[in-house]
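Each of the next two complexes has chain A plus one other chain: chain B in the first, chain C in the second.
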Partner chain A sequence: MNYLNKVWAIVWKDIRAEIRTKEIFSSMFIFSLLVLVIFNFSIDLLEVNPLDIAQGVLWIAFTFSGILGLNRSFLFEKENDCLQGLMLTPIDRSAIYLGKMLGNLIFMLIMEAIAVPIFVVLFNIGIYDKIISLAIVIFLGTLGFVTVGTLFSAMSVNIKAREVMLPILLFPIVVPVIIASVKSTGAILTGKPFDDIISWLKLIAVFDVVFLVVSFLSFEYIIEE
Partner chain B sequence: MDYVIDCEKVSKSYGNISALRDVSLKIEKGSFLAIFGPNGAGKTTLLKILSNLVKPTSGVVKINGMSLHDEDGEIRKNIGVVSHNSFLYNNLTPYENLEFYGKMYDVPNLEKRIADVIDEVGLTARMHDPVRTFSRGMMQRLSIARVLMPDPSIIYLDEPYTGLDQHAAMKLRDILKNLKKGDRTIIMITHNIERGLEVCTHVAIQVMGKIAYMEEIEKVDRDNFESKYFNTVGEGHY
Partner chain C sequence: MIFKWLTFIVVNAALIFIFMIAPIERQEGIVQKIMYFHIPSAWVAFFAFFVVFVASILYLWKKEREWDIIAHSAAEVGIIFCSLVLITGPIWAKPIWGVWWTWDARLTLTLVLWLIYVAYLMLRFHASEGSQRARFAAVLGIVGFLDVPIVHFSVLWWRTIHPKPKVLSMESPGSGLESVMLITLIMSLIAFTLIFFLLLGQRISLEKMRDELNEIKRRTFHSS
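Now for the complex of A and B:
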């Protein structure tokens, strides 16, 4: 319980700072909005079936704007060397990882919750009867992305070209989860039965569990000098 | 005798570069040790090892009789570090920063403790202003308040006077004098010999990764310490 209180204190600290600055959320949201609008204008939806491309557009918006958020995540901890301050406290270092990961997950999910209705309007796709299964896929896909992303964000925070390095490191690892998320999103949007996406969901869930455990266990060694 | 800090032949290398070489250090409870030394002498590396941020390449370190490797969390509960970096979040207020760190250390009666330590460093009036609006001196005082939150028995000060004007340095000196009260053990790294000598009970000079000189302050000739320092640093065979 005590451990979870500390994890929550780290999450709340990030939320508090974000409410004040809106740096992470605003950059993620504006970027995702730009992606959706640009794709909407570049494709003639009278000639192309939006269901052929919508899932890809949606996950491009999510993952690339997610990268922006992940890049900023540990930069706050670099300010005044706060990460070292955290490492000096008696908390288990895995709590730092969990706290940062949950913060990133919350920011991304809020961004997605606002981006999805905009996507629905721009691409004229009905999701009313598919909202729960779509939410499950988005949640699991985002969890996998953020699980690995938080770890690599911590790794790349001391690198000068971190904005370039983070996607280069992260995308090859999260390719399975992105492909599975795109495929299952596509199946949901085209109205295929839930059973058709179960195998993709299992893949995402296994990825989430494996990388959550690996990241949780390895974080201590990654942030040590 | 039991020592609060007991280092035995501690060395640290980064690749081919030796930052620390066979440092042995025994510090009694309630001591205030000021370590002087030129840049690159390994002073910060020594503090990082003593606070368990960096693992030594060889040697044994015991804090309050506990080995750094075995009792990591328990040792960190008793150590506070003030660095030239404040470890404070710019977008949070002093209250929020101290509340956050207080939770990390399981500080009881958090609200009262925050009010007490903020009062101790004279920042009560600015308790709810964002830290980013603070001067360097105020940041450093707040950093001391952060360290005082869990009431640690050991405090490390790494160049606390860096970037402070004369007035802020005087205030910091008064706060450091107050820190000394009781059984607290303090190690301070500083380039400022005058400031170091006025608060410490022991002095040490570190050169090229070694403790080249260590003495009780009563046995030190304060008037000639500066020349002693330059002679020691200049000897160059350490």
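Now for the complex of A and C:
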């Protein structure tokens, strides 16, 4: 089996487990829906222009529900010592990281793909002609969130107060991704040209590359026994 | 011991410069003297986090407890100075800018830094003692520091109204400050750097004593 096949085996294992339990996806999706609904109550859309706050609400929904999924990601491996099993398989540790990371990325992207239409309905925003640029931003932003998120998820599952520690570790680190994603989503929703957000996208891309490499290299230190 | 006395003398000399020799700034008045504490604290905080970064890399490479202790100690001392920056900043900003806090780039960066390293210390607190804690902390120490330039650019493009750093202007270094003020600032920078190394040394020896104590306890319990 070559390296990519090994990575794919881990991704496929997570997808199959998820199809059977539906635990991660359902909790993430319902939570993001709840965030969108709660924000509708806390901000009166009759008084506030939806375009002033929509991009922020969308990314709060994504990050908060993303945390739920990441928290679960390694918890399942911890139960029944699945992580031990993974580590005993004759594959490189970095392949485990990439597999888990891609799995988390896929779950979050599916959750977002369903949350965006609901968001459009609740906030009454038109996105028909902006779907592609919006998808690029969401993909890059989510990738940045998940690269570090998977690394920290493997870390927090081994310490006390794990559910609390993951957001405390992750949120300060992903501040640049959140700022850049919110700014560029806002620019897209208000109909600004694509050139306006290029520099933000480059920033997220730099973040993605830097932390993909760092996580890739340092993952073996995290799950070492 | 000599180092302690040296620090004591330099700190006192810096205080004399700050409060007796340096002139009172014409526009900002007495409030400007906070800068002699604010800027050195910021420098020490950044430097301390850089020490965490280097010690973290060395720990993952060499796996020696020594580097873990240094990283931990530097993070603790760094958080103290980072807190000082966040406290002295608003005291200065209220009379000068008219607000305690504003989401300016440098303020935001310092706050994010503070949050990253508070998370670092919380991670150390919650993880169970041993090599696993050291490895987790080292990874966070590296990730956190590599994040600094990216956070910097993101908050810079976001918004900024911070006064341009006067001393570090490119055209002619030091042109923005009166020479006595510049000397005072440099004195203060040296004093704070010495305080940093003094505290770091104390914290490291404290941690080593703790290790030694645990070792003695372990041996005593096993032999009895």
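Going forward, the second predicted complex is superposed on the first by the 224 of 225 C-alpha atoms of A that agree within 3 Å, B and C clash if a C-alpha of one lies under 4 Å from a C-alpha of the other, contacts with A are read in each partner's own complex, and residues count from 1 in each chain.
What we mean here is this: contacts are C-beta pairs under 8 Å (C-beta built on N, C-alpha and C of every residue); 3 or more make two chains touch, one makes a residue touch a chain.
These numbers were taken from a predicted model, which means no experiment stands behind them.
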Output check: A:Ile198 vs chain B and chain C. Expected answer is one of first, second, both, neither. What do you get?
neither
According to the stated criteria, A:Leu51 is in contact with first (chain B), second (chain C), both, or neither; which is it?
neither
Output check: A:Pro90 vs chain B and chain C. Expected answer is one of first, second, both, neither. What do you get?
first
Taking the superposition as given, does A:Leu4 touch the first partner, chain B, the second, chain C, both, or neither?
neither
Taking the superposition as given, does A:Val209 touch the first partner, chain B, the second, chain C, both, or neither?
neither
Looking at A:Ile173 after the superposition, I want to know if it touches chain B, chain C, both of them or none. Which is it: first, second, both, neither?
second
Quick check on the superposed pair: does A:Arg20 touch chain B, chain C, both, or neither? Answer first, second, both or neither.
first
Touching A:Val148, do we find chain B (first), chain C (second), both, or neither?
second
So which bits of chain A does chain B touch that chain C touches too?
224
Quick check on the complex: what are the chain C residues that touch chain A?
60, 112, 115-116, 119, 122-123, 126-128, 132, 135-136, 138-140, 142-144, 146-147, 150-151, 153-155, 157-158
So in the complex, which bits of chain A are touching chain B?
2, 5-6, 9, 13, 16-17, 20-21, 76, 79-82, 84-92, 224-225
Spell out the residues on chain A that touch chain C in their complex, using ranges where they run on.
148, 151, 155, 158-161, 165, 168-169, 171-173, 175-176, 179-180, 183, 199-200, 203, 206-207, 210-211, 214-215, 218, 221-222, 224
Under the touch definition given earlier, write down the residues of chain B that touch chain A in their complex.
48, 51, 53-55, 73-74, 76-77, 79, 81, 83, 85-92, 96, 100-101, 103-106, 130, 139, 146
